[in-house]
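Several structures are given next for inspection.
Heads up, the next two complexes both have subunit A, just with different partners, subunit B and then subunit C.
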Partner chain A sequence: MRSRNTRRGLAVAAALATGLVLAGCASSDSGGGDAVSGTWPGDGKAECKGLEQLADFGDLSGKEISVYTSIVAPEDKPHIDSWKLFTTCTGATPKYEGSKEFETQLKVRVQAGNPPDIAYVPQPGLLQTLVGTGKVVEAPSQVSDNTDKWFGEDWKAYGSVDGKFYAAPLGANVKSFVWYSPKMFSDNGWDVPKTWDDMLALSDKIAATGIKPWCAGIESGEATGWPATDWLEDVLLRSAGPDVYDQWVSHDIPFNDPKVADALDEVGGILKNDKYVNGGIGDVSSIATTAFQDGGLPILDGKCAMHRQASFYAANWPEGTDVSENGDVFAFYLPTMSEEFGNPVLGGGEFVTAFSDRPEVQAFQTYLSTDVWANEKAKASPNGGWVSANKGLDINNLASPIDQLSGEILQDPNAVFRFDGSDQMPAEVGAGSFWKEMTNWITGESTKDALDNIESSWPS
Partner chain B sequence: MSTGEKFAQMFIAIALFFVVVAVILLLTQRMRSRTGEVVQAAAFVLPAVALILLGLLYPAVTSIYQSLFDQTGSNFIGLDNYKTVFTDSEQLTVLRNTAAWVILVPLFSTAIGLIYAVLVDRSRFEKFARALIFLPMAISLVGASIIWKFVYDYKDSSQTQIGIANAVLKGLGLDTYKFILNDPWNTLFLIIVLIWVQTGFAMTILSASIKAIPDDIVEAARLDGVGGVKMFRYITIPSIRPALIVVLTTICITTLKAFDIVRTMTGGNFNTSVLSYQFYREYFISTNQGLATAIATVIFLLVMPIVVYNVRQMRKLEAR
Partner chain C sequence: MTATNPDVAELGAQGAAPGPEPVSTSARKALSSPWASLAAIVIAVVWTIPTLGLFITSFRPESDITSSGWWTFFTNPTVTWSNYDEVLHGSDTNLVTYFVNSLVITIPAVIIPISLATLAAYAFVWMKFPGRDFLFVAIFALQIVPIQVTLIPLLKLYVHPPLNLVPLAGPDAPGGGFYTLWLSHTIFALPLAIYLLHNFMSQIPGELIESARVDGAGHVQIFTRIMLPLMAPAIAAFGILQFLWVWNDLLVAITFGGPNTFPLTARLAELSGTRGSDWFLLSAGAFVALVVPLIVFVSLQRYFVRGLLAGSVKG
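Here is the complex of A and B:
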């Protein structure tokens, strides 16, 4: 009995094994190396006007492109909607996949030899790491041409590594904003400041009325401190200019350079000034324990007048808040300190990184780099919260007033765009000591000690 | 890799397992002698031992080896990382905090759990009362941390409070307090969270143990005129001693590994970091492999004696 059972078990196991090995072989498919063939399905279609570049890739009907991003539901819908035109004009279908663990998972997938066709990479630093693995494919000439045409030189540089252009910019956000209440300002007869000195004069004026003019919060769990790094970057751009900023980010000048110390002291003049902060919350040190999402909310209660935070802070106002020029809250451009450096804009954005050079993937990259897509995306985002630095983007297609303002700032010919510096520094600094020391700095550490500690943590 | 391929691989793995087991059975079933039994036993135990060697021992040894190297793992620097762990002022704060956690959490959780178990034992609301204290166990540590973060929320005394702790202080006419920020007391406020969670565990085990005390012992003690505190001191405690030790050591090990609370509530800022969080931070954020593995080794060395002691007590408990 026992031996018969064993034998039957063996036979079943063997049969299973053989069958499955065969099945395993059958499912491996071929990829890459397809030649361009056929006429593009968009030929002659009215809606495909402006996308003639896609004709270079021929008929792509039935082809699929896997797209991997950090944007999850419900914000993924506008993206998927904006691709319909691509399917109409080429026949190929992009497949969307979003993950909150994008940054870690993407590295894992690339290392495991299982990368997506396209990834929306939100940091130039991460792009460099990915290019370092040798798996990233250079952008085709169409994408390069479009980037030259529709984006500035500065944007193209952030998508390049060692002089080679890999990734075209996609969306953007503007960080150089000060949120305020237009109602509160007009009730009190305050004007939106146009220069840095005006802003400080206004702060004094507000402080004299008994209201603390500024509120802030830098608590963000493990990332606690990042809003303070944005403050320093924004001020350094204004006080020392974009060139010094670039040298500082790439560590050509030390992190604790006297110019950086001056900029941080300037920030301290606001954030560590007990007369100025922390409106509606507490004293200076309460900045460190206030969640960044809550940092600007006292503006709605009239307990705080100004809050410096990026355009995406628009999503943090409670439902029903009127975010517009004459509404409950709006933002003004963080003023410049001098005419010398134009209008510096600190911001962020994503880059379309490809891990395959199949024609449908290149066609999709091309589509995303056009002005047509930028406008499609704007129209597909009826609730706003999206903007691009694409110069072909019609501001009127943007849904919300704050997006329109961001769009105007990004397209301003005087604008000097600089990417968030901490996203470009090595992780030890950009996601480690910079955050940590800025938090310590808020809770009492001196400017010199904070900058010295970050400098000493820079990997040699 | 598509889902289909993943399934295919899974089935192949399962089939392989069957094949291996079948082969072992086939090869060993003919041996009937005494040595045959040894061979049979070895054939089944050895694969498990090999997996333990591969999955546990090998990484442990590699970690210890790596802890002797520098940041990138390329240059041998001897015991320098351990010197940093025990001399650097930031790391010393981490050690101080870890000590506070490991001493306070087991003591308080066990003490509160024990007293509670004795008090509700055989009372009318016993089940309800036990469920009440056991509930926090059902919440993940991250969830508990988020709840307590709200409890400790700080606003200046002049503002509307959203944290219940400060709302109470304000209601009493006192100044609001920065629970999360003020070093070193903030560590104590984080410790309270873990005590809140672990007390239920201590209570459950101890309660079961108390119920297992033979009735004749209790009755004999009663006849001798023992009651109340004396009963607790001379009958209950000695009878449940092994269970007490298991609870204390288990919570001790949990505490040494506790990292969720620190990560969620402070991110290690404001001098609240502990070894287990510092290890994560050094490895994954600061990418300092040498120092991180050194910290991991220190945790390993600290946990080891407790685990050995715990397992021995567990055996005693089962032998009874």
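Here is the complex of A and C:
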């Protein structure tokens, strides 16, 4: 009996000791709120010219910043390479982490109190949700100034919630593109259309030769339908103009407004026209079952002439395809319907959202909002596939012709940029009913039913 | 023994049991008829075809994979290693790192719950203490809790533990952040493990324990000398289940872990690229990830069958 009691006592003592040791470790772990100290390591270095703002944050040697993004290998490498200059000039090292489950995981981490320092948020809607949790930190004044200087009002508004500016834009992509084969066009004597009516006339001309002019694919796993939402947004932006588009996105006009119905019918004139689609793949309903990655591939075989998809579709052409103005494939700007609304550009992009106000995090935000970084990133992407709306970006630094074209469109003073609407709508619609109903619409549902169903799913 | 009538030999061996034919014998007869064998072979072939297709796909070049089905391989056989090369060397981090991470996560995450569960099962079966049945039912009931609802609360506990303990997750996690994974997998495995092993252990005859007691054995001796050897098939069976579950897990790994602890599945999930344009790599990736579970399963499968049967139909 005695020995058993001793043993139990020992066990308790051991448990207590372990607890004490663990507790001791924990107390050493209280950081944050450091004051600015030292001179920045970039002082006097030639390569750090143009980054003088970083001097405000002092010497950051040995500090680390965790960065969480939805961009995974191999596209992550150019990002990591573009940060070397930051480390040279400040001493701090950003740590990259990319995940395809980014959107879900980020919410989990934020709610659990374990957010990254910086997240590249690809949707203004998600940014609003995150700001709603109270964990997002406002952007420092340097970032705000840079955004005013290099990006302009449109973009700054997408990084703001309720009038407060949180996140500076990073990269961008242009969705108002139609992919085509320059070779095929010149062999047949077709010209790149400059207006919407020209484009429809060209479609008829191509259809008369026996080739279905358009091809499309909207299958994308659980996100099936999104390429069709882009079609509607692009057309609405052209037929009704940016103001109506903004009202529609913010639900100031109902989702099934007659103007929207007209725009969807216009889309239907192409996507639901069995004379026009689905080149090289099948009939109209095959659009719903074709993966978006494969939707434009028939262009390479000459079985399809045009495919409306964003600039990032460049990555889907098989290796060895010449993507340039006189090559195998290239893209033209989806033409406007009238002069009235300038050149509307539908696109997307990421926003640098911070969850910490430590000096190294703010320094990194500042770095990413400069023109120096944009050019650095362009040079670090030898295979292309990246562009920014940053007006300080030198187009010549962009590697691929399609990126250069995107860059020109984004920097065009006549361009009216609008963010992808489904990314700004509430998730029930933008990542739910909108996708589903567009898929049903392709497979036979009427325009009215589709729009009515989406309207009734809008959360009140 | 001739192949013409094996049933005679079967019956001869069971001559000690007179009267009506035992159920097992008639079942065996029905299952070994030529038609049943044919059906089994057909099912096996049909079930294997998708795997075969995946295997063939993994050796086809990108342009073939994206433009035609794997069955066209037979008319147009082009074989390439480039998919495997891309999977093994394609990212900045060597695939070996993910492989090692998978092992570092899986091995403790199998050993810890098994050790705890055998001890707990022993206590629940052979030790009498107040509240035993209530506790057992409570543990049994925990199996109903889906792990998804525990993710955020658990991560909160890891990041801000009570009583000023060391945070196990976050930027300065000790042990490179592996503790959270081992702990989580253990937590999620224990209810089922305790339940399975408890059921198995309760079928060991009590006389064995009593005679051991008479010979002067204590709980420790009974556990190590009698229980563990008898439990080996059940432990191995659960070990395989747990191994496959942890090895194939992605959710727990990316929720509680960080880039330093990502297992093979995390890399596989990202293999197809940011916008899914590299999906042709997935077939090769699947076979790389499949190798270890396959080895484990094939080398331990006899325990697996024995253990499954032991828990259920023993009289």
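The rule we apply is simple: the second predicted complex is superposed on the first by the 437 of 460 C-alpha atoms of A that agree within 3 Å, B and C clash if a C-alpha of one lies under 4 Å from a C-alpha of the other, contacts with A are read in each partner's own complex, and residues count from 1 in each chain.
Heads up, the rule we're going with is that a contact is a pair of C-beta atoms (placed from the backbone, for glycine too) under 8 Å apart; a residue touches a chain by one contact, two chains touch by 3 or more.
The shown structure was predicted, so the numbers you read here are calculated from the model rather than taken from an experiment.
Of the two partner chains, both subunit B and subunit C are touched by A:Asn114.
When the shared chain is aligned, subunit B comes close enough to touch A:Lys436, but subunit C does not. When the two complexes are overlaid on their common chain A, residue A:Asp283 makes contact with subunit B while staying clear of subunit C. In the superposition on chain A, A:Ala427 makes contact with subunit B only, not with subunit C. By the document's definition of touching, neither partner reaches A:Ala201: not subunit B, not subunit C.
Residue overlap on subunit A between the subunit B contacts of one complex and the subunit C contacts of the other covers 23, 27, 114, 220-221.
Across the interface of their complex, subunit A is touched by residues 1-2, 4-5, 8-9, 11-12, 14-16, 18-19, 22, 25-26, 29, 71, 154-156, 159, 176, 178, 180-181, 263-264, 266-270, 281, 285-288 of subunit B. Interface of subunit C with subunit A (complex): residues 62-63, 66-67, 90-92, 151-152, 155-156, 158-161, 163-167, 169-172, 174, 254-255, 258-259, 266, 269-270, 273-277, 279. Subunit A makes touch with subunit C in their complex at residues 19, 22-23, 25-27, 29, 64, 66, 70-77, 80, 95-101, 105, 108-109, 111-114, 220-221, 293-294, 297, 312, 315-316, 318-319. Residue ranges of subunit A in contact with subunit B, taken from their complex: 2-3, 6, 9-10, 12-14, 16-17, 20-21, 23-24, 27-28, 114, 220-225, 280-283, 285-286, 288-289, 303, 427-428, 431-433, 436, 439-440, 443, 457, 459.
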